[in-house]
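Consider the two complexes below, in which chain A is the common component and chain B and chain C are the respective partners.
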Partner chain A sequence: MALKASDLKVGDTHSEEICHELSRTQIVMYAGTSGDYNPLHSDDMFTKNAGYPGVFAHGMLTMGMTGRMLTNYVGDGRLTKYGVRFVSQVWPGDTLTAEATVKEVREEDGQQVVDLDIVTKNQDGTPVLTGSATARVD
Partner chain B sequence: MASDEFPIERGHIMLFARSIGDANPIYYDEEAAKQTEPGQIIAPPTFVQASAQFDPDYFLRPKIGKRWFGSGKEASGSNAPAEPAAEGAARTGGGGGGLHAEQHYEYHRPLLPGMVLHSVSKPGKTWEAEGRRAGKLNFSESITEYYDQDDNLVITARSVGVRTERPATQG
Partner chain C sequence: MADEVMELTPEMKAAIGKSGDPTTYEVTTLGIRTFARAVGYKDPIYFDDEEAKKQGHPALAAPPGYFGMPVYNPFRQNTARRPEFDSPFKRNLNGGTAVEPLARVYAGDILEAVTTLANLEILPSRAYGQMLVRTSETVYTRKSDGAVVAKTRGTGLSY
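This part shows the complex of A and B:
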């Protein structure tokens, strides 16, 4: 299931739809498992009072869902680094697509690795998350 | 966030995987997991975020018997009285003014059920920028190292938080 260095070319991409019309309930599920009960993510009344149009998803939910695209691509237990910036908010109803692009295939401490650029966009094509990852490959 | 004892539990991993919409059986099915390269159930890449559950002082969890800054009948919102929980949230940006800007992980060894992690957090850099929508942005970094029960480094996490002058409403 793991990727082979010899099969990878700079510019190769892998993309997945990571959520379809994100539900408020999914956001509540994430609050419950992560332990981040910030009312900005579940409490519309609080959130509007704080000056936002309504609740929005935890950045870490988008990072978690984007991580699923990554592990589906590079294989389980293969990531050595994964980092992101949250560049725009994710709202209930959003449909997100995450894409990884091969930036470099190289050797690190005698191990073949692939460096990936990551971007997750919403249904309007607006990036909500950008980042990078490194994974061990065969 | 820091916790003295963060037990990595199978049930918690399963629930966490569901909450990020990940149906990969390696997160809940022991038999299926045996057929994978790691050979057993593992935790997803962002799982250590759930260490918040085991931080007794985590300010974004309602505390039993304490006032919570979220709404009840009325929207308490960011105007909540300065009770301890509300103060903590305002200080670190949990209320109206603060957001998570970046998160970075380095994986040193697999995160497995049965491990009991402890972590050490230290502040990193701080810097300022001018935002297009939210006015002045104050960034601050925090680095957390997660160790297993034998003091092996498992994951290094670097988190960047941002306090905004105004709500960042574009999306």
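This part shows the complex of A and C:
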């Protein structure tokens, strides 16, 4: 179900837990489906030799899971822009919560759109992803 | 970690604005299902062909940001998706990505992606010393009708 512009106001938020205790299996599943086989995401020995405590999730996995929250909020096929920065690493065992905040409701090319600020935080409240999105609304 | 190189080399500067070889991406039902599963989607339009059609889609729909898998060819050598250059910065991280979806992508689509190196900068970072920040822009075009289905802008961090 799509959002209605008339139901939205600046400052409204929508949040979801997008993963609970992220598993290494999920990271490997993402590597397989994305074709991103960087060993930083699958090989503990390689990763430790590179100076990290262990493997960590692809940023694009966090972006994908955060995108799921956005799609749940604004409706399927409604996103027109979605951009993120990966500001901290996501580790196996992390629980992530993504939140979208309404920044502006406006008209663009004759269509109502909503601009959203996005942040995804881990279980310690540390942001791991920040960004913005724009979606068509009714 | 690169400690000595402080400026872009002439080769790096020459690479800015250049595009890599086109890369073919196949969007398959298997790919859509495995991506949707890995990311945690439950919407049946990503898993159930009949349900997708009931909801007005011609085939399984690709979740936002999914453009299929690059076609791997072990016999095709020296093909670079991005313009390449010698660099002392050997380790890579993804700094961020922006996606502009322009048309819906479905199972069965074959996309051609062309990536252009938009910018290179060497910047200091707290964690890694100097970093090479690579900004790339990729345009995904559907082969069957020539429609541009998405544009992406990525920031790669090398240290």
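Methods note: the second predicted complex is superposed on the first by the 138 of 138 C-alpha atoms of A that agree within 3 Å, B and C clash if a C-alpha of one lies under 4 Å from a C-alpha of the other, contacts with A are read in each partner's own complex, and residues count from 1 in each chain.
Rule of thumb we're sticking to: a contact is a pair of C-beta atoms (placed from the backbone, for glycine too) under 8 Å apart; a residue touches a chain by one contact, two chains touch by 3 or more.
Owing to the predicted nature of the structure, the values given are computational and were not obtained by experimental measurement.
Trainee: Clash or fit: how do chain B and chain C relate after the overlay on chain A?
Mentor: clash
Trainee: Could you say whether A:Lys81 touches chain B, chain C, both of them, or neither, answering first, second, both or neither?
Mentor: Both: A:Lys81 reaches chain B and chain C.
Trainee: Classify the contacts of A:Asp43 with the two partner chains as first (chain B alone), second (chain C alone), both, or neither.
Mentor: first
Trainee: Go through the superposed model and pick first if A:Asp109 touches only chain B, second if only chain C, both, or neither.
Mentor: Neither chain B nor chain C is touched by A:Asp109.
Trainee: When the two structures are laid over each other on chain A, which of chain B and chain C touches more residues of chain A?
Mentor: B
Trainee: Quick one: classify A:Gly35 as touching chain B (first), chain C (second), both or neither.
Mentor: both
Trainee: Please write out, lowest number first, the residues of chain A touched by both chain B and chain C across the two complexes.
Mentor: Touching chain B in the first complex and chain C in the second, residues 18-19, 26, 29-30, 32-35, 38, 40, 50, 58-61, 63-65, 67-68, 70-71, 76-77, 79-86 of chain A appear in both lists.
Trainee: Which of the residues in chain C end up touching chain A in this complex?
Mentor: 31, 34-35, 37-41, 43, 45, 61, 63-66, 69-70, 72, 91-101, 104, 153, 155
Trainee: Which chain A residues qualify as touching chain C in the complex?
Mentor: Going by the criterion above, the answer is residues 18-19, 26, 29-30, 32-35, 38, 40, 50, 58-61, 63-65, 67-68, 70-71, 76-77, 79-86, 131.
Trainee: Which residues of chain A touch chain B once you look at their complex with the stated criterion?
Mentor: 1-2, 18-19, 26, 29-30, 32-40, 42-43, 45-46, 48-53, 56, 58-61, 63-65, 67-68, 70-72, 75-86, 88-91, 128
Trainee: Okay, in this complex, where on chain B does chain A touch?
Mentor: 12, 15-16, 18-22, 24, 26, 36-38, 42, 44-46, 49-53, 55, 58, 60-62, 69-71, 74-79, 89, 94-96, 99-107, 110, 158, 166-171
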